[in-house]
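Next, two complexes with chain A in common: one pairs it with chain B, the other with chain C.
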Partner chain A sequence: MNWRGGIALVGKTLFSYTSSIGFFWTLALGWLMGPLIYMFVWLAASQEGPIAGYGQSDFILYYVGLMLVNQLTYPCSHWTIGESIQSGTLSVWLLRPLAVLYEAVASDVALKVVCFPFVVVIAAGLGFLFHIDPVPWSRVGPFLVFLVLAQIIRFMFAYTLALLSLWTQEISALLKVNDTLVFLLAGQMVPTVLLPGMLGELARLLPYRYMLGFPIEYLTGQLTGSEIMFGLRMQMGWALVSIVVQQWVWQRGIRHYTAVGG
Partner chain B sequence: MEGSIHVDSLGKTYQIPLREPGIAAALASLIRPTYAEVTAVRDVSFAVQSGEMVGLLGPNGSGKTTTLKMLAGLLYPTSGKVEVAGSVPQQRKPEFLRSISLVMGNKTQLTWDNTVHDSFLIHKEIYGVSQGAFRTRLGELTEMLDLAALLPKQTRNLSLGERAKCQLVLALLHNPRILFLDEPTLGLDVSMQIRFRSFLKEYNRRHGTTVILTSHYMADITSLCRRVILINKGTVFYDGDLSEMARRTAPFKLVRITNQGDLSGPEQTHLRELLERLHIVEQEQRNVTFRVERSQVVPLLGPLLNAGSMADVSIFDPPIEAVIDTLYQGVMA
Partner chain C sequence: MVRYLKLVKTLFRQSMQRELAFRANFGVNVIHSTLHLVGGVGGVVVLFAHSDTLNGWDFSQTLALLGVYLLVQSLKNLFIGPSLAALAGLDGHLWTGEFDFTLLKPVPTQVLVSLQAWSPWALVDTLLSIVVIGLAMRTAGVPHCGDLLLFLLSLFAALGLLYAILLFLAAVAFWYLGTPMMWIFDSILQMGRFPIRIYPHSMSLILTWVIPVGFIVTIPAEFLSGQGTAMLLLPGFALSGLLVGLASHFFRVSVRRYSSASS
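Our next item is the complex of A and B:
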């Protein structure tokens, strides 16, 4: 582990991003729009009474939580990694005594540092506006564990898909499909516990719920003890799978790198 | 050992997608894509000793940059063996990456939005350079390349030449034992090229860094490299002394005379008769350039001076560009 180099990379990206902070806050505002719209849709839908146990205050808490968790788990670097492979910029990263993964992690960490204060202010404003009750402190510790696992799964899946650029020339469509699956099955459009029948079962088994929805469901107190344990096991399993698959893809893919340009 | 390079039967083959023009072919390629194998490097072998400066030459598409990228660990060879600074490059071990630098004329490792000094500091951290060593090296390099005024500037605000200088300093901050330079003077003006060359020569003298250089500017090669390796179609067809290559490829000198009077005049008959027996390269008014075998230059001078009324005589080697071109034409024919 090259911590010194990794921290320097985060610093470098942070300096770079802070020089365009307006752009990144606009980007963050765009990411907030989806959860905000779905929150109002579900508030309208639940006017007559709770839906599958979700009342209006639950939807507010869920979607405000989603704004924060989505911001903290959303990886952006996979778009640039794919482009770097295709343009040959990856060569610059390959020459450093530092795994290429550091560049992607540094980029995502810096993005979160730059955007998070903006998102926190908006989320706090909404919390104040809708009189959200504070979450019990006892939930914070496990939530942070679930959040880290969610970050690992979401980052590794997107990063691994981006690495497929080592074989093929264009992967942006695949990345968009992945984002769509996250949108449908991770709990953005609808909390996964509200998904009906087979779709709900599929969401419980696929990795997407564990990238986003599961930590929020826990934070909002919607899960029983056995559901929490099931979710934790699924998160750990998917995190392990995503790391192993990423390593496998990298080891094989890098042999196909053509270092175009120059 | 620490700055040496050993390459044995190195080969690299790419698989590239092929497609006929038109929409039908585009759709067909979705179902049944076709590929062609392109051999960029076929069978390259050479060894470079620690501290040597070697020019890697070849026409476009000859395989020299692919070879350089394999030496730097960017590409996996399809066949053969490479050992650089005691390591196998494609394994990309941190100790190997700390011992080399690759400067690509068309790619920068400087961070676009950061100042030059910040880019250097980030490099220091990534390579684990101590504060003392960093300060000493930066001081030396800044002085040698007159860089102090550029340190607080953002990379995006530098000119091409300034960026090239900073890029070179960045590549040397971790004191690599081996420096790969791929077209380092690409796009630079003549005076910047000259400064670059004198810097590299001095740096190599001071630190004994092994340098492998590719360049299409022959002045880079002639001023820096005594030894050249010529590659074409992925194979080495010359490896040795640059001046010996010139002697073998062009075993003649060029003689240029400037006569005082018009060569068509009746008093120039002797000179005209003499010139008729020579291989004239260029003739315009009172100036004539011809090639003469090296051993025949001195015996020719007496009769030449007596034959006409000379204003000036110059004897020189053929330009290296012409020598290389002769070689390329020969091997490509």
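Our next item is the complex of A and C:
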């Protein structure tokens, strides 16, 4: 592992992103809209009483948490990695004495750092506006663990899908399918406990909830002890699976790579 | 007028030919449209699994609203969006300096800029959105002819508003190229997926009069489900006309700032 090279790459990417901060904040605004809209929708729907244990203040806390966690777990690199493979830019990365994964990690970290202040300001503003009670400090430690695991799962899934461009030109549809599943099953549209019937069961087993919804549900205090342990086991399991699958796909895929164009 | 229709026909055919070169894209686009629809309808279905009404809107009315939102989006994506993005979007003509050629053509610049690029695949979305509206109408009952007429009229005003705002934001690119301003509007337009009165009062006022998402999506949808007031058509058209005028003027002023690309 070439840590110094990796850190240098992250620094370089971060500087280049900072120079077009307006552009990235525009993107961040786009990602904020979903949670914001659904927060107001569920506030309107729960006016007459709590829905499945979620009252007005729970929805506010959940969706403000979602804005932060969604921003911190959103992998952007999967769109660009696919393009780089198709355009042949990957060849340049392969020549570096540095794993190609670092390139994805660098743009991922840079994007998160650049966008985060914007999201924090909006979330803090909403928190102030709606008088959100601060969450207990004791929850912060475990939350950070769940957050990192969620980041790993979401990043690895998207990155592995992007690596499929080593075989085929048409992965944008696949990435879009992934995005829709995240929207429906990860807790973006609605906390996963509110999903009706079979869909709720499915959401508990598939990796999507563990990319996004689970850390927020923990932070907002909606989970019992056994539910937290179950979630942690699922997270560790999916993180392991996603890393192993990524390694496997990369090793098989790179043999298929024939630099196109430049 | 005939001359402009001919121009539209030529530009559309040109865009169509470009798209037909990549046939596999058709399948991909159908998948995208379908998933977009699944996401939107899924949200409404889950919502109404827990609640009977959303601020007075029942399931079929909310579904109809979503249909109207998708319809407006698809019409926007047919030519207004792609044309103005070709001018002011990322790597648009203002970045590359290709706007030089637009200025040289013997057609009013604003007309050409607004019609230059078409995205025929948006018609798939138009079709899907009409299916959604149809499904909503099946449970809610077919609207009267009068309501349907009011709906079409308000949709017309809505497209005028949409065009005015996007033209204005595209013209901003002559002054500031840092970020595509139209993306910011696209984000805010998303709020029209649901009736704007669910948002806090101050926000819904802004969404009616400043960034008129209400006039663009909610009010046409209200006519469709028979709960609209015909009185609102007038301010809609007035606002639409006013904004188109202002945006056109701003566009003309902004074009004068154009100093080509550095190359």
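Just so we're on the same page, the second predicted complex is superposed on the first by the 261 of 262 C-alpha atoms of A that agree within 3 Å, B and C clash if a C-alpha of one lies under 4 Å from a C-alpha of the other, contacts with A are read in each partner's own complex, and residues count from 1 in each chain.
Quick note on the criterion: a residue touches a chain if its C-beta (ideal position, glycine included) is under 8 Å from a C-beta of that chain, and two chains touch if they have at least 3 such contacts.
The shown structure was predicted, so the numbers you read here are calculated from the model rather than taken from an experiment.
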Clash or fit, chain B versus chain C on superposed chain A: fit
Touch count on chain A, higher of chain B and chain C: C
Which of chain B and chain C A:Glu170 touches, first, second, both or neither: second
From chain A, separation angle of chain B and chain C (C-alpha centres, steps of 10 degrees): 90
Partner chain(s) touched by A:Asn2 [first = chain B, second = chain C, both, neither]: first
Chain B versus chain C as contact partner of A:Ala52, first or second or both or neither: second
After superposition on chain A, the shortest CA separation from chain B to chain C (Å): 7
Residues on chain A lying within both footprints (that of chain B and that of chain C): 20, 169
Chain C residues within the chain A interface of the complex: 24, 27-28, 31-32, 35-36, 38-39, 42-43, 46-47, 49-51, 54-55, 178-180, 183-184, 186-188, 190-191, 193-194, 198-200
List of chain A residues in touch with chain B within their complex: 2, 4-5, 7-9, 11-12, 15-16, 19-20, 88-89, 91-92, 94-98, 169, 254-255, 257-259, 261-262
Parts of chain A lying in touch with chain C, wherever the complex brings them together: 20, 22-23, 25-27, 29-30, 32-34, 37-38, 40-47, 51-52, 169-170, 172-173, 176-177, 179-180, 183-184, 189-190, 194-196, 199
In the complex with chain A, residue positions of chain B that touch it: 14, 17, 65, 69, 72-76, 92, 94-95, 97-98, 100-102, 104-109, 111-114, 118-119, 121-122, 124-128, 182-183
